[in-house]
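Contents: one structure, followed by commentary.
Labels for the chains are A, B, C and D, by order of writing; each one numbers its residues from 1.
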């Protein structure tokens, strides 16, 4: 009878710990954390240029200030008196479709339409009335993080068909309207495809990158603020029914 | 060999579903939800007065407006594009020690000190320099929810030794200083002891009571707000190092 | 300028707490918890028959044993040494599309197709190759919980067009193949429509109903088990690469 | 009036993004992810040897197989139909006191007792009847991960007073009884003190290290398993009351 849990990731052999066949204890001290992340997500070690590209992706997304919804959630949770792991988990819960969670969808799109052409992508999305994942940002007309990743991609041989297609999309989508720049989700999606990752890891890469930022904010809340946060009257508008007699 | 999971709560017998021996399908339509909650937390059905008391506890704690940290967390999580269950879970994560999570500790205290006396409790806490769980509220000098539960307790025969001890504590703790009123955590703790609940259920009772409020706020966020929330510049103060050259 | 948070649910007026205009402190002791839940989800008080129907829905879904994924998640989280709120939240996180989370989708479907007809629903789903939300159960050919809710619906005047349509769907979907019974998600979806709820509350109703069950399991884990759970060797199959030299 | 959120971590200046004064966009492509993590947790860049030590800590803790409670929670949550961020968050929720969460407590202990002496530590814990955080492991007599981190510490100049004290503790605690080896929590705690980290980051370092492993397991669940997990009858023992008539 089949066992309840099946895995190809990590096994214990004679007291040793192996990740996709690599001795984890030997890796420690001899390899970078980013390399180990690449290994555990893809099942194989990165070459030198993939490692550099991957380090850049993870680094650039490590934090975006106290303003995002994920940080506000994490800090409020800690402030209620729950432990660090609960607050960090709460921050990660906010990483949905509109907040770092579009990478998987963007990867699926780029994969599907790269061979069919950008016109078709734009038509299909116009028909369905939905936004194309990976484009647009509330703050940026040109996302400086995207620009930086494009440079690193050029330097390391990842300016390939998916990146080019993503830039084509940016031009086409922004035609005759508001500029919708290739955002961090979009460029990370294209680069993960260049590195031959499965789209299913897309959201996870952003979660991994952002977790240290969330931890830093939770620790800052712990060391500098007093419990418990509460919205101020001036930030709240009540527009429901008046008290009944 | 012992099986991995052991439970005394619910079992399946011949296609029927039994909670502590009561046929759940028969209960539905013949009993109140509050009665079923009492059963699943305590292992036995409440009598009429316990049911009334328990309904009052759950009802009075169902919501406290949009201001608490739990609601802010839940709404920010939904706003990031995650589903309802993630947002509600995130709200519950905020229900820590300083936000509804003091009931268990208050139950333990009342249980331990009720026979020893209030002087000893005050001394012990003064020595350790910690606050007594279940007293004090940022908004209220007298918590109207506590007052209401005291009335219902009188009407239903639960104004017993633990409630009296809690009120004694309130007087003693507030002596010669700021009034620290018996808050909702404190009165619920005393009442759960009157009903002979295990302190370990304390936090859970508050979670159960508040979950509908969290759901309502998340649904309101879904129906009335656009993604994604972000703090405004005016709400943020940066006091870290200046950009380096 | 608009305030950051807008709500029509709960407000504080002169130290009083009002939910959709109803004084919460007055409700406590005078109303059932189920009634308060109805109020906070719908913005108005239920009449007697709606209250009975709603109590039955919440009660029948309160628990389904230790076996479901949500309970396993919750118990494992508690076992790692995290507090009750973290474990209950973790259980709720598992209430996704395949585990109580289909109510919203079923409500949307019933609403859309009730006037168009069941043939069209079956055709559309056959074309898209997806399963119809609210039908089928791993354990049951006929879900006893559904049967019970149908009885209560008849007794209370909720055996209306949506319930009838749901039963029509059951017949049509199961034609010439495996019986796909109207499951608990499906019947709850139809009944919430009969009571004129917004589909967006669907998932929340199940979360509210199941939270007491999750609390009970977490408390049982706390009182009866030792940390920390770990899968046994016999339950795990490793099929990844062998250790490298 | 004070602003609601205060931070010293990250700021936006003229479209640039600065973490503790370092331009994040410039860091990307020029620095390792581990270096950026160090920066965001400590407020300053690591030197070469701290970077190596930190990479080793993060790498060795990246995963420990499918067996731990965190992985079981994460996979069950995904299996219920919730998205990747919910499943990863659920896994992190399990990282409590008994599962990676002891680093902070161990740091506090080592800091407090290092100058006072190991005898006093053992006495104090014997008196209070609690276990010393950072020692003992269900699987290992000697944790190979600890051994490896000790080697890397020697090579990089971190075999200092806290590491020596931790090893002293191991000897003293294990005297005349079961060997309680310095476990991964314990050695990481000592090393973070050698690198002068605040104890409050302890839990966060483990969360950051383990998140990629959790992502990998959730992705594997997504790509290889069908919803929805459910315990088998053979794994469950019911010992509650029998069905009533």
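Keep this in mind: contacts are C-beta pairs under 8 Å (C-beta built on N, C-alpha and C of every residue); 3 or more make two chains touch, one makes a residue touch a chain.
In this text the structure is predicted, and so the values were computed from the model without any measurement.
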Contacts common to chain B and chain C (chain labels): A, D
Maximum centroid distance from chain D, chain identifier (CA atoms): C
Between A-B and A-D, the pair joined by more C-beta contacts: A-D
Chain B and chain D, separation of their C-alpha mean positions in angstrom: 30
Distance between chain centroids, defined by C-alpha means - chain A, chain B (Å): 35
Mean-CA-position distance for chain D and chain A (Å): 22
Residues within chain A bordering two or more other chains: 4-11, 16, 65-67, 72, 82-83, 85-86, 89-90, 93-96, 101, 229, 231, 235-236
Parts of chain D lying in touch with chain A, wherever the complex brings them together: 4-12, 15-17, 19, 24-29, 31-34, 36-37, 40-41, 52, 55-60, 62-66, 72, 75, 83-86, 88-90, 92-96, 101, 104, 139-140, 144-145, 147-149, 151-152, 155, 198, 200-201, 203-205, 207-209, 211-213, 215-220, 222-225, 229, 232, 235
Chain C residues touching chain A - in the complex, by the definition given at the top: 2-11, 13, 16, 18, 20-23, 43, 82-83, 85-86, 89, 93, 231, 234-244
Touching residues (chain side chain A, partner chain B) in the complex: 65-70, 72-73, 76-77, 79-83, 86-87, 89-90, 93-101, 138, 227-231, 236
